[in-house]
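Right after this note come the structures.
Below, chain A partners chain B and then partners chain C, in two separate complexes.
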Partner chain A sequence: MINDQVKLLVEKYSLTRCARCNFCESVCPTYAATRRRIHGPRGRIWLIIYLSQGIDVNSDEYDGLLSCLNCRACNQVCPAGIEIAEAIHDAKALLVRNALK
Partner chain B sequence: MEDWLRGLRSIMLSSLNYNRLPIPVERGVCSEWARGMGIPESGDAVIYTSCLYQLVPYINSFTGLMEKAPPSALGPLVNRLSHLVASFARVALKPPRSEVDRVNGIVRAIATLLIRNGVKFAYMPDEPYSGALLYELGFEDDFKEYFSSVVLSYFRSRGIKNVITIDPHTHHILTVVAPRFFGDLGLRVVNYMELIKGVDKAKVSRVVIHDSCLYSRYLGMRNAYRVLLEKAGVEHVEDPYVTGVSTSMCCGGPVESINPSLSNKVARLRIDALSKLSNNVVVACPICYANLSRNSGGRVKVLDLAEVLTGAQ
Partner chain C sequence: MDFESFRAEVKRVVSGDKVIESRGELMLYSYDASPAESAIPRMVIQPETTNEVSEVIKLANEYLIPIVPSSGRTSLHGGPIPYNGAVVLDLMRMNKVLEVNLEDSYVHVEVGVRLDELNAELARHGHFFPPDPASSTAATVGGSLANGAGGMRGAKYGTVKDWVLGAEVVLPTGEPVFMGCRTLKCRAGYDLLSLVIGSEGTLGVITNAYLKIWPLPEAIVRLRVYFRDVVDAARAVGMIKARGFRPLIVEFLDRGTMEAVSGYVKEFTYPRDSEAMLIIDLDGPPEAMKRYIDSMVNILKGAGGYEIEWTGDKDEMDRIYMARRAAYPALLRLFSGMRVMPEDISVPPSRLPEAVKGIGSIASKYGLKIVTWGHVGDGNLHPNIIYNPNDQSSVSKLYSVSRELGLMAINLGGTVSSEHGIGVLKKDLLTSELEVKGIAQLRLMKAIKRVFDPNNILNPGKVIDID
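Right, the complex of A and B next:
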């Protein structure tokens, strides 16, 4: 059920356009703080893609997604033009709704 | 993490239910700033503080408390004892008076700037919080329910048509988020910075600006405070990376209730970067003010824009 909704997000934001160039990681404050991919934009959007494929998310990865600041720095530098902050916000809302069921 | 989310939601919802504020404090803290200013309680335009600046000292105490008793532990308790939330808050959230005075001073400075510029406005002693935090944390269903049943109906039942916002979170909710969910709100929303045309010469001469991500990258308003500082004769040091529109980093505030240690770490890195440019850091957002001043470690002075423009700091 959640996978289907996440699939719609992957399509809506064309997340698979991500070329894994890492430009976004260079401006992400949470990535700068931990240097862990799951705390950066690239890791977060790939997590959304994996979720859409039915792959389970552990609590550390879950925390990584929820700790996005929605600061939009990543959007500004993504050469693929992905609205990363918006995609993460929508995924957060889905996960939160699911967690509170 | 699920327990944490549940706990956080319980705390926020029971507080919103109790006093229409996201943390359980007495409503009086929201309107203390207006005492003695002679601002009327009704009029064509209203200042909508959303109580955000006024809550900063309590948010600071609350974040400190969360590090000791995380929402995953606190939430279930709040759920069971929601009727005790107010008494709990009175005992647990006791910020220093100096912090309370400082944030009330910021709201007063904003009101003073408006008055000096001939803007006529009223204030709302019982204004509800905008619900921004619910939306930003991903509690979208709760946000929609709260905003329509409390905030929108508050404005509608009082026939309020013109609103002056004083922070980016409330401005974003009223101009972007809520219209997306509810269509035209029937409100004309302006930010206080748009109404300030003239300012006196400031006391500080050189500062670095810490941009609010919302003002800068969501609302296209990063020039508004730059222009005001220039009018006040304040030089703002710019750096292509530290203060650039794409690369300036967030204060970490948005995740203080989800991951406090990460939030603090982000703030300290931000202070490191800013302190290389100036010891005076100007902010224009209560969340940036809270997170950066809490983590400044005495290395920089965090000043609100309105304090600089009124010469209070």
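Right, the complex of A and C next:
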């Protein structure tokens, strides 16, 4: 069921517009700290897309999504104009709500 | 190929937190920024030292595991995609500027440093590293060296190959060597470093490099000019060069680019009868600028340019440059549901008028929209092909257009890739270019690959096929 909700989220923010240029990763403070792509905006967006496709995401990768600081630096540099931080925020809410059920 | 033994041995030479094996995270290494088919790696390793790179590659060579080195993963040709269960070596943890040496005019830097980060550090010392690919925010030193990156300043400063003194390179057999020199002049036998630069990670893994640096320009003036005919704009470039000018940048934007930008940035306007725009930066001593500008304005008027504007004011310069900076975002936002494939050809600047016309004909022939800009000071054009990734016929047209653009460049005495590289998407075009220039070179290239990498473990299947 969560997949369906994530699908709506992918559509709402048109996440597949991501051109994978990776500008966002260069301004992301959590990626800078860990150098793990699950802690960078491009990685998080694609994890959300994979979730919507029914691909399992493990606990490390959930942590990757949850570690976003919502600083929105990525939004400023995205050439496609994706509201990356908002999409991640919504995904976090979905994951937490789902976990509490 | 005994992957289990390889895995166990890898964990002996690098700590567990540098080895990634979970599927979701591996999938983040399955693509680059190109339309090339994606593939999931079996493992990602994030080494921190040359020694770790060396140990991992020794193991890969022993167990015959294909290894794909990568860092920013901004490539536009599929070069870092790990086909056939390859292992990715992610070099982003090697990210230190080790030494800035003004006396010897070099910077010693690890490969995971991004170009903008490098230039921010160098600017503190009044210097810069000139190659400036459009992706410099995200592109790293390693990726730029491996792909022979260039950029806007190429007309004046060339590409990365002109700016590397020496580099530490781990050979496909795992032996670390220092290629080139730390000095400007270097005649230490065959120039192996030049083979590795632009080899797209097929001949060795660069872990750190000594790069030449240059003092920042004393003054820069930016000019903007429109043309009613694209051919006039292209001709102007030749005239500028023939008159002895070597501008810092000469950026060309066609009408499609201007239309896209004006649809995205409301403040951007352009004369309705203009078909092309050039943005030209001149650098030099402040006292010479007036003379340079007068002369440049004369040249541009003579070539049919109009509404010529120039400024040395930083904010005004930014305003002029907005047309170029906003071009890519404009395409991504205006053509929703579509994708943009930035092509990358070069022709001698004197042949630009024919190239620009040719791009128009190819676009009409296939019915795909092509929006062109380019670093025309050195004859480098980026025709951006707009296609629908979910429509098979559109994708197949994309590849036909890409092929025809490459063939046109070859016919005009140019090349199929200026600064993006070959990867997997342009292997056929490379062969076509070598057929014109002497196909014996393909045999040499294959032989070189076999000498460097007898077991074909380093980024196999990229640039050339050895079988």
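Heads up, the rule we're going with is that the second predicted complex is superposed on the first by the 101 of 101 C-alpha atoms of A that agree within 3 Å, B and C clash if a C-alpha of one lies under 4 Å from a C-alpha of the other, contacts with A are read in each partner's own complex, and residues count from 1 in each chain.
The rule we apply is simple: contacts are C-beta pairs under 8 Å (C-beta built on N, C-alpha and C of every residue); 3 or more make two chains touch, one makes a residue touch a chain.
The model shown is predicted, which means the values in this text are computed figures rather than measured ones.
J.: Clash or fit: how do chain B and chain C relate after the overlay on chain A?
T.: On the shared chain A, the partners fit.
J.: In the overlaid three-chain picture, which partner chain does A:77 touch, first (chain B) or second (chain C), both, or neither?
T.: both
J.: Does chain B (first) or chain C (second) touch A:89, or do both, or does neither?
T.: Once the two structures are laid over each other on A, A:89 reaches chain B alone.
J.: Touching A:97 in the superposition: chain B (first), chain C (second), both, neither?
T.: After superposing on A, A:97 lies in contact with chain B but is clear of chain C.
J.: With the two complexes superposed on chain A, say which partner A:63 touches: chain B (first), chain C (second), both, or neither.
T.: It touches chain B, and chain C stays clear.
J.: If we overlay the two complexes on their shared chain A, which of chain B and chain C does A:30 touch? Say first, second, both or neither.
T.: First partner only.
J.: Examine A:2 and indicate which partner it touches, taking first as chain B and second as chain C; both and neither are also allowed.
T.: In the superposition, A:2 contacts neither chain B nor chain C.
J.: Just chain B (first), just chain C (second), both, or neither: which does A:46 touch?
T.: So A:46 only meets chain C here.
J.: Between chain B and chain C, what is the shortest CA distance in the superposition, whole Å?
T.: 8
J.: Using the superposition described at the top, list the residues of chain A that contact chain B and also contact chain C.
T.: 27, 77
J.: Taking the touch rule as given, give the residues of chain B at its contact with chain A in the complex, in rising order.
T.: Checking each residue of chain B against chain A gives 1-2, 5-6, 9, 136-141, 213, 217-218, 245-250, 252-255, 258-259, 262, 265-266, 269-270.
J.: Applying the document's contact rule, which stretches of chain C touch chain A when the two form their complex?
T.: Within the complex, chain C contacts chain A at residues 20, 22-25, 27-29, 31-33, 46, 72-74, 90, 92-93, 95, 114, 116-117, 135, 137-138, 328-329, 332-333, 336, 339-340.
J.: Along chain A, where are the residues that touch chain B in the complex?
T.: Going by the criterion above, the answer is residues 27, 29-30, 32-34, 39, 59, 62-63, 66-73, 75-77, 89, 92-93, 95-97, 99-100.
J.: Where on chain A is chain C touching in the complex?
T.: Checking each residue of chain A against chain C gives 14, 17, 19-23, 25-27, 35-38, 42-43, 46-47, 50, 55-58, 60-61, 64, 77, 79-81.
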